[in-house]
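The following blocks contain the structures, represented as structure tokens.
Consider the two complexes below, in which subunit A is the common component and subunit B and subunit C are the respective partners.
Presenting the complex of A and B:
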């Protein structure tokens, strides 16, 4: 084992970590907003909203992310209207193309996580909120979303991990994140195994941290599932 | 007009169908302030549906709902009835306390947080006042030491008492109880009925859908007996239980639901 080489490789690949994390965090964050809107559209009961949302989910879940990235990066530039539009300064940059593709892709999957979580909110608790006079907005902000979040977290942790790994595909359109840098180093040194092992170790560490973070949030939001605080016993006083 | 002021709830000719099944066949009901009205009837008689119409958790197909002298504005949209003014509906709902069969406490909030949720976020009252009042209410229903526990940590009876306290925290003009003891183990029924009795003695206006004949007979000022979606008989407990107004009601009482 060539420890110095591995160490040098690690130092070089770590330079790509900020870009990898930036792509993953931004796409999951933006994707989550889109996912909530899509899920609400699917559950709205209005065909005009539900149908396009279902179609969107179908398209983006059923085609490869790599193809989506290629289509956005290479495909959109074929249209004169796109090149002439105000979006062109964004759409000709590989960074924005990758971010858009990752966001649109994760939104489709997350929509289903969010939809399932929203459906799992007990109808009785929603009814109680309505009976108190809550507006739809307050009802969602105070009751529905907090309860749904607790159901969505395990699935969403999964999605976050998948997205960190999916950013590797951005290297295909010239982005120098961890995998892009690894590919570059391999072409310079032809020492594929060592370099890829270091790259894999970096993804592993990032996901280890993400897993821990998600676990911590889950713990923080599940006090009601743990035994009560200081075991104060007693059957309650008298009336 | 003076009559109007004292009237807490007035339902006029409520009709409601689920598909082809007509649950409410033109029900009218009146409750004065301070009345405790027990609503009895076998299952499927429409008593829960009627109660749930009062705060529009169910929307009647036609009829009129008046609570605290104010009539809920209704409109027809695509063959269905809806509240015409959702701000009015929300304001009126906030003044109607509702206690459910299955408690329906918010599972992600502690008992104290359950009590202050609507007063703070619907009625926009100050947090400090709400907390102080909520603690007094928890004391009153006998679960003050559970204030920082989550609903899942409480027994059914304690949860239902918390739910009653949650409804009281909004200073309701009227309290609605939808079979408040039906989901409880028999040994827990008493503690909830005691709280309800205490509320009745305070002079609170209460409409109670129940199978507890003892409560209906001893506590209520008026009994309404529903049969197949219509008011079959109504009157004071004395009239209903002793004089035996209706054959149908006598049959209902003897059919395993007799006086306890």
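Presenting the complex of A and C:
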């Protein structure tokens, strides 16, 4: 065990952590917006909206993320119209291509999480809200979305961990996040095993922290499902 | 559009045949990896259910670590890591330069190790779904442990595990695209080669996406058939 070398490697790889987290957080955040729209489209009951949304989900879930990244980064430049358009300054940057591909990809997976969560809202709650005279918008804002958020959270935690792992693919289009730096170090030093173990440890600790964070949010959002603190000692086992 | 139809054709200048061969390679590496994963996964599930403290600890560490790190790192580990071991070894035999596991082997091993971690969890869950009454009845009927496993446990576990195992297969299929980094000529690598030599990247990566879509849709159909067949005689609520 060459501890100084491992320490040096750790310091060098940690430089990539902000980029990894930035890619993961922004793609999951932007993907969530897209996912809610897709899920609402699928549940709208209008075939004109539901069918394209289902098709989108099917396409993006059945093809490898790496193919999607290559299609956007290498593929789009084939068309003159794209190269001439105002979007080209964005689409020729590997960072934006990776972000777009990751966002579109996670939106397809998250759409299913959101759809399941929306479907899990008890119809009694919705009926009660309607009976109170809530408008459709108020109903969603105050009843459906808060309840669905709680159901979606465990699934969303998994999706976030998957996305942290997926950002490693951005290294293949030259982004220098943790995996990109690791690959560069390997080609410089040829000490692949040690470097990869350090990189793996970094990903594991990031995912561990995310798991804990999600658990904490879940706990914080389910306050009324827990017995009140005073009652726990007094009433013992009754839940 | 005629130009792009031409490069994907099956004629002399077309890449159709090459891409279909590459699809076979994708299937081969994915299936090999998946089978290896089944082996590792069943062994791990057994360790988690019936093993002592040490096997269970090892199995837990394995499934936690392999599900928590990017797949590409595992592929790099086998590809570059094996060269760190093999290159000095080859040097002893007078072979100089970069020596590594062949891309196929490194890819299949990596896919197997990653998918094994998921498969272990699925099989463990499926085993727990087998009702104790069935096992008690088998014991009461005087079955030996092997007969009980073959006739009662295995079919029931398979029925419960199949949807999950099907999901892992879809994961494995998509993961196999990552093996392209080792230079193995599967769908994505072949598409890269085609894109490079014709200057039509979109056409080739689009064709690659369509091939993956076709394989995955066909697997979905096949898995649904298998699920229905295994669920024969199962009561639905």
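Throughout what follows, the second predicted complex is superposed on the first by the 229 of 239 C-alpha atoms of A that agree within 3 Å, B and C clash if a C-alpha of one lies under 4 Å from a C-alpha of the other, contacts with A are read in each partner's own complex, and residues count from 1 in each chain.
Methods note: contacts are C-beta pairs under 8 Å (C-beta built on N, C-alpha and C of every residue); 3 or more make two chains touch, one makes a residue touch a chain.
In this text, all values refer to a predicted model and were calculated from it rather than measured experimentally.
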Partner chain in contact with A:33 - subunit B first, subunit C second, else both or neither: neither
Partner chain(s) touched by A:11 [first = subunit B, second = subunit C, both, neither]: neither
Contacts of A:146 with subunit B and subunit C, given as first, second, both or neither: first
Touched partner set for A:224, first subunit B, second subunit C, both or neither: first
Touching partner for A:138 - first (subunit B), second (subunit C), both, neither: first
Partner chain(s) touched by A:62 [first = subunit B, second = subunit C, both, neither]: second
Those residues of subunit A which subunit B touches in one complex and subunit C touches in the other: none
Complex interface listing, subunit A residues touching subunit C: 59, 62-68, 70-71, 74-79, 161, 165-169, 171-172, 179, 182-183, 186, 190-193, 196, 199-200, 203-204, 207-208
In the complex, subunit A residues that touch subunit B: 122, 124-125, 127-135, 138, 142-143, 146-147, 150, 221, 223-225, 227-229, 232, 234-239
Residue numbers on subunit C that touch subunit A, as the complex places them: 64-65, 68-73, 76-77, 80-81, 83-84, 170, 173-178, 180-181, 188, 191-192, 195, 199-203, 205-206, 208-209, 212-213, 216-217
Contact set on subunit B toward subunit A in their complex: 55, 57, 86, 89-96, 98, 100, 102, 104-108, 117-118, 121-123, 139-146, 148-153, 155, 158, 161, 170, 191, 194-195, 198
